[in-house]
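Quick heads-up: structures coming right below.
What follows is a pair of complexes built around subunit A, which joins subunit B in one and subunit C in the other.
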Partner chain A sequence: MNEYKILFTGTMGAGKTTAIGSVSETPPIVTDVANTDASVAKERTTVGLDFGQFTLDNGDRVRLFGTPGQGRFDFLWKILAKNALGLIILTDNSRPDPLADLAVYLDGFAEDLATLPCVIGVGRRDSHPVPSLDDYAAVLAQRELLVPVIDVDVRRRDDVVLLIDTLLAQLEASLYEEETP
Partner chain B sequence: MTSLPESTKALALQQAQRLLFDVAGLTAVVVATADGFDVASAVQSQIEPSRIAAMASSISAISEVVSQEARLGRGKCVTIDTEAGFAVLHAVHRADVPLVINVIANEDAILGQVTYRAAQLARTLAAA
Partner chain C sequence: MTAFTLGVHNLPAAEVVLIKTLLRLFSHDASFQWRFAEAGPFDAVLADATCVAGHPPASLARAVLKITRVNAAMDADSISRPIRAEQLQAWLERQEQRVRALPRLPVIEPRRPAVKGGGGIRFKLRRWPSAALLKNDPQRIRLATLLARRALGARELSSISRLPAEQCQDFVDTLRQADLLEVLEAPTTAASPAAATARPAPPASFAHSLITGIRRRLGL
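Moving on, here comes the complex of A and B:
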């Protein structure tokens, strides 16, 4: 049985805690507190970490960690990224500039992205279709990053499983490449 | 979204400065919201209150989860003991805006004294 550590990061309010809660088989560990940031209409916000566990069909276990979204917690981003096998970045398309939000995490995790597989999950596209997934892909291409971008509703378990599966598929492909002479 | 009354912020600043002045070996006293914004601080060295505030909130939230998991009741205080001093984080259980007091001390400070004074300040700010 293999164990994987996957890290969820992204904008405050994009649904990192919800995503982990959607798929975790054990009650998720949540470190949210009352939000006092008036610029974001949100009751509570994660200030430590989220944690959940998920078992794949083949019995492999995935440990899911979530970071706080705000940049003032970037010291935790580095701690939580240690030993992670992949990164899922969630964005919220209803925010004023989701592509700028994405850039914060592409910069914040630049060192990790050089070696780790990544998936971008774009939320609230039903009500806010712009920027399009192609716009996201263009931003990633400018940085020479080949990263899948997926339309998700993290309240739906299947959508979160799709994010995890997409990440693991990249991981398996990279392992295959390493093994192939 | 509730914000901290200005009178409480003023009291927190006055008390932070007093604590830093009163107790030998303290290098910083930062009062932060539970979500990591500094609301009052008194610092002696090149410590950045906003960074301390964010870290205090993370540590406090993680320790709260540990105390819940272990059924130890509501978290009150965390001590980080180091080679060159220590940091004490004390929760302030306010109904409107929960706070965290973070006191950073060098090796000249006495842990018991700092813990006592941090708890005293927590009670003062909880009642303000």
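Moving on, here comes the complex of A and C:
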């Protein structure tokens, strides 16, 4: 049995736990504690890892890891990103400066982004349409990064599946390149 | 003056960063003659010992230093993890005379994909398309994602995405009209009637089955 890994990262409250739960075959294992950050309206937050998984027909497993949202845990990010199939960055548009939040993760995973498939899921755009998806794309272009940016509601399974499918498309493109003589 | 180039082969990103940092530090000594190079040909290569087994070292560079697991270095051309600055520097300096005595390896051009898509033109996305263009449509997002990752012709795009060729061509046309595509001429020598109708080589079966398996599990 082989095991693979997909990584979910993003700010506290961006919905990593919810996203994992929407595709995991088992209830996600969470390591939440009471939130002491008064700037975030959330009773509990993840300080360790979220973990979920699903099993493929051949018995292989895809593990879904959610990183702790707080930047002070960034030392874990690189460890988790190692050998991952891809990285999903979730942003919360209701936060004061979502583009600055995104920059934290682009910086934190900068080395991995050169090769690691990545997609950005922007949440809570219904209530907070600004910054727009195009604003996100502009930030990425300034960094000379070409990463898919998608509007998501992580409570909807289809949206989370689309994020994962976007990672798979990147893998397919890369594999095609490798296989072409 | 820098005379020798050092590359890496199948090393973890963290070790690559370490090696680059060490070379920058070593370069403060004017007598140090090595610089890190992202692309070959290399005068010397640092390679994971487990990966070198299948590659004759001479095919990588004129000198190859194998990086082994802890306490597993077995000869003068291998060092154990963790990589130590003094060992790396000493090995590089030992190679200078040896490298000078050997002929330089020829420049190997990066592999260019053969033309399979017809028309001899490939497209690569310049930047992520606007939300108005993508319309949050999963198929458009998938096509844009593929073009973001590599240059493809419309036929190749259709083959990988398993979407109709017409739909892929229409999407490419839309992206071109929005000036979002870089147009790349594929080498015409590779184009042939047979190639024009051939499907791209399937991905490695292992990876292909993994991707298929995940998609099936997710109901895609």
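One rule holds in what follows: the second predicted complex is superposed on the first by the 171 of 181 C-alpha atoms of A that agree within 3 Å, B and C clash if a C-alpha of one lies under 4 Å from a C-alpha of the other, contacts with A are read in each partner's own complex, and residues count from 1 in each chain.
Here is the rule we use: a contact is a pair of C-beta atoms (placed from the backbone, for glycine too) under 8 Å apart; a residue touches a chain by one contact, two chains touch by 3 or more.
What you see is a predicted model; the values in this text were computed from it and never measured.
With the C-alpha superposition on subunit A as described, subunit C and subunit B fit side by side in the combined arrangement.
Touching more residues of subunit A than its counterpart among subunit B and subunit C is C.
In the superposition on chain A, no contact is made by A:100 with either subunit B or subunit C. In the superposition on chain A, A:68 makes contact with subunit B only, not with subunit C.
Of the two partner chains, subunit C is the only one touched by A:60; subunit B is not. Using C-alpha centres, the superposed arrangement gives subunit A a vertex angle toward subunit B and subunit C of 110 degrees, stated as a multiple of 10.
In the superposition on chain A, contact is made by A:134 with subunit C only, not with subunit B. Of the two partner chains placed by the overlay, only subunit C lies in contact with A:166; subunit B stays clear of it.
Touch criterion met: A:76 reaches subunit B, while subunit C stays clear of it. In the composite built from the two structures, the nearest CA pair linking subunit B and subunit C is 16 Å apart. Taken together, the two structures place no residue of subunit A in contact with subunit B in one case and with subunit C in the other. Taken together, the subunit C residues at the contact with subunit A in this complex read 12-14, 17, 111, 113-114, 116, 125-131, 136, 138, 141-142, 144-146, 148-150, 152, 156, 160-161, 200-204, 207-211, 213-220.
Residue ranges of subunit B in contact with subunit A, taken from their complex: 1-4, 33-37, 50-51, 53-55, 57-59, 61-62, 64-65, 69, 97-98. Residue ranges of subunit A in contact with subunit B, taken from their complex: 29-38, 41, 45, 47-49, 68, 70, 72-73, 75-76.
Residues 2, 4, 23, 54-58, 60, 62, 78, 82, 111-112, 117, 119, 132-134, 137, 140-141, 146-151, 161-162, 164-166, 168-181 of subunit A touch subunit C in their complex.
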